[in-house]
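Pasting a structure below so you can have a look.
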Amino acid sequence: MSAAFFYALAGAGLFSIGLHALLAHRHLLRKILAINVMGSGVFLVLAAMATRNGIAIPDPVPHAMIITGIVVAVAATALALVLMLKLTAETGQAVLPGRKKEDNP
Amino acid sequence: METLIAGAIDVALALAVVGLAWGALASADLFKAIVLFVAFGLVMALVWVRLNAPDVALAEAAIGAGVTGALLLAAYAKLRAASPDANVARAGGMRGIGSISIRILILLLAAALGCAVWTLPSDYAGLGKEVAANIDRSGVSNPVTAVLLNFRGYDTLLEVMVLLLALMGTWSVGATAPQRETAPGPVLDSLSRLLAPLLILVAAYLLWVGAHAPGGAFQAGAVLAAAGVMLLLSGWRLPAALAALPLRLALAAGPATFLLLAVITVLLEGRLLQLPPLWAGRLILIIETTATISIGATLIALFLGAPPGKEDRQ
Amino acid sequence: MTASDYLCAALLIIGGLFFMAGTFGLLRFPDVFTRLHALTKADNVGLGLTVAGLALQAESWAVAGKLLLIWLLVLLAGASVSHLIAQGALQRGMRPWKR
Amino acid sequence: MDIPWAVMLIVLPLAAGLMAFVWPRVAQTLVLCCSLAIALAVAGLALQLWHHGVFHHALGGWEAPLGIGLYADGLSLVLLTATALVGMGVSVYASAYFTLDDAHHFWPIWLFLLAALNALFLSADLFNLYVTLELMGLAAVALTALSGGRDALAGAVRYLFATLSGSLAYLLGVALLYHAFGSVDMATLAGRMTPVPAAWAALGLMSAGLLLKTALFPLHFWLPPAHASAPSPVSAVLSALVIKASFYILLRLWIMLFGPFAGDGVAALLGGMGTAAIVWGSVQALRQTRLKLLVAYSTVAQIGYLFLAFPLAAAAWNAAAVLVLSHALAKSAMFLAAGNLLHFGGHDRIADLDRVVQRLPLSAFAFALAGVSLMGLPPSGGFIGKWLLLEAALAQGRWDLAAVMLLGGLLAAAYVFKVLGHAFTQAAVTHEPTAVPARMEWAALLLACSAILLGFTATPLLSLLEIGAPFGGSGP
């Protein structure tokens, strides 16, 4: 029972660590990893709290949600990676370029 | 004693997960970061086992760590080919006040989340009872499969569309620099010859067993994709004759079957995806079989990046 | 506890020791080739002992067979992948460590 | 026989999308037929709602909370109507806009985007809304990057990270609500909500995620680069529909789940952000030298109006719904017209528009009509929306909000006339124009006309909004 809360706290921690890395890092691959860590944190909260009443009969609905979430995450990651590669091919760097001068007079 | 050991394992796993995530996001070397991230995924799979979520553990190991790891490493290789200095990411772009205020905000967020989680009621009012009460009419006995393919099948219908959409998006962005081709060598060649059929067999087993034990279309599709990626790495390419229409048919077959069934059920039963209990088991198997093929094909295509026949035309 | 329980526990503990030795080697050895050596040797034997220990507790021959299959697959994959890593290291110009 | 129009709204574009993916050659015909069919289905759904009240469909035959429900009331209907109308206009426009190769990529993703929007407006389930949000977000990002080029790719990547982190914050909120109250069905949750810490955390996380996706100031940083650099038909859809989807979820959550316990403080905060958005977005729009960036910043400003409704609460929800529809029509017309000017001159520098009023009269007229609705001048749809909002503000003695609305209207007039002024004058350097296909001009013009005509349909529109009383009014 306390393990459920303990893992859920770890999930909240993962979400926070991922969000921090997403904001702090400029490299796009790093940001993609950060998004994935955030997602894992959410999934961990979902699954951990499903075992609050003891581990014997966990609630299957959060498990199904997590599997859906994992598949969505891999789809988003694939699209993000290919966009990153294309942007790197255009600019030579895997970071977001700053705004151009002419856009902000 | 036993609860003490179990508690120690839980603490170790939770700390390992957080530590690996931290390491993956903080390490200066990008390659190391990816390797740590894959390790993070594998330890997460162990956490899912501890939380009695074996279906999720399989999905995490196969998709979260496996396929995502392969995608990340392939992208890393292309990135290094495109800009050789891309390896070491310059440390965070934020300095000074911006960085400090972000850290304070994140700490506040973490504290608030911790408080919200900690004060959740400890007697649990999930949907486990409803699932158990209706599982006899779902056509399968694995509750997670029942939720994924019957009770909340509509989510899954949209989810397979998300996966296909990611591929459409990937193809529309266009091909990037092709991967450096190295001769596969005899070891990789014989390994893939041996493993590919075995992996296909494992995928079929996972697909079939999903009805009553952990497993299912997504896990099976990921294993199928592993076989495909291995064949790609040892130099195999889709024959040109199959690259256009047949490939697209294979990619769309799963989502199309699912959607067709949804339309038929709305016509016959009145509700979208209402599977008659007598037929539900067989219908779910049909959906899952075609979905496995399409998921596997989609994941392989995502790994390749560009539609077959176009990757050389850079 | 029966004799087979004791045997099982002994196999698991010895297997665990092999894993620890392999991990230690991975962390402490000087280059990629020696690390691979430590890792694969120890893990293959460690996993073999673990599988043997678990097989003693298996409910049926089918379960024991699956455990054996897992070991064989890991042996195959471990050996091949180590070979590929070593080959890749050589191709990138890494030389084996010499004292 | 009850025809399940709402189900068709989801199934049709998905099926057409799959077919367009497998057989690119028939894609264009499919899209045009499909967008027409969607419009007919929305009309069918409107009649159904008119006669029988709210629509409810238990997917899979499983009632909530075990299953997922589809649900449509007056508010959903308004958003579905916006999708159908803008969808038709953009489909026609895009059929002349893209090169053959780009079109083959565009059509299936576009159809999936339409399906995602329709599914989102029909969903009654918080987790299902997450899946539709992701389907919509990934489709929108892929379309933003479609034309390639440095700016579009950078805009798409920035947009992708914004939309993904927003979705995850939303999903964490859903997880907390599920574990606190045992359901992800909105109606079930509404009966069980209590102000425990998890509910407050869910309110914060879900609102933050959805506000980021809606690009409310100061979370708008991703919008101008993405909306300005995307292909013009995509810009139109992003500004007209995609950001409205997250606003729609926010509005529903607020009315059904969070509003009753969150109280005035949070509402005042949202209203304050809306005020800042109007001022900041309008001033930025006025400062832009590029036409599409100007239109994009105008979107930032117009989003602000929607959030002025929160401090006014029940009296202003109708106004927000009308504004959503009128802005969808006007802004899509404006982006399509801007796209025509860009196509015509090969650039979108406002100072060099070079007498386009004489040379491209239909598009200039469309831009002006859309501008009339954005300024809130009668008899446009924008006028009705802003009038309702003003009325609510004055009735509650909120002179400050009324002043902001008037200021925003003046600033909107300033930036619209800035464009139109240059459209009449000759540029220093004249250039060789490219012909604009008639379909692209007419699509923009018809959308702009519908933004104006909306002003004449205020009475039936408001009674449609009463169906199912989504705003807790005195409806049937």
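We call the chains A, B, C and D, going by the order they appear; numbering starts again at 1 in every chain.
Convention: a contact is a pair of C-beta atoms (placed from the backbone, for glycine too) under 8 Å apart; a residue touches a chain by one contact, two chains touch by 3 or more.
None of the values given here were measured: they were computed from a predicted structure.
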Partner chains that subunit A and subunit D have in common: B
Comparison of B-D and B-C (more C-beta pairs in contact): B-D
Centre-to-centre distance between subunit C and subunit B (centres being mean Cα positions), rounded to whole Å: 27
Approximate Å spacing (C-alpha centroids) for the pair subunit A, subunit C: 32
Rounded Å distance between subunit A and subunit B, as computed from the means of their C-alpha atoms: 13
Multi-partner residues of subunit B (at least 2 other chains): 113, 116-117, 120, 124, 126-127, 131, 151-152, 155, 159, 162, 165-166, 169, 173-174
Of all residues in subunit D, the ones touching two or more other chains: 127, 131, 134, 138, 141-142, 145, 148, 172, 176, 178-179
Pairs of chains in contact (touch as defined earlier), listed by label: A-B, A-D, B-C, B-D
Subunit B residues within the subunit C interface of the complex: 182, 185, 187-188, 191, 194-195, 198
Subunit C residues touching subunit B - in the complex, by the definition given at the top: 73, 76-77, 80, 83-84, 87, 91
Subunit B-facing residues of subunit A, complex: 1-21, 23-27, 29-30, 32-34, 36-37, 40, 43-45, 47-53, 55-68, 70-79, 81-86, 88-89, 92-95
Of subunit B, residues touching subunit A in the complex: 6-7, 10-11, 14, 17-18, 21-22, 24-26, 30, 33-34, 37, 40-41, 44, 47-48, 50-53, 55-56, 59-60, 63-64, 67-68, 71-72, 75-76, 78-79, 82-83, 86, 89-90, 92-94, 99, 102-103, 106-107, 109-110, 113-114, 116-118, 120, 122-124, 126-128, 131-132, 143-144, 146-148, 151-152, 155-156, 159, 162-163, 165-167, 169-170, 173-174, 176-177, 216, 218, 299, 302, 305
Residues of subunit D touching subunit A in the complex: 127, 131, 134, 138, 141-142, 145, 148-151, 153-154, 156-158, 160-161, 164-165, 168, 171-172, 175-176, 178-179, 224-225, 287-290, 293
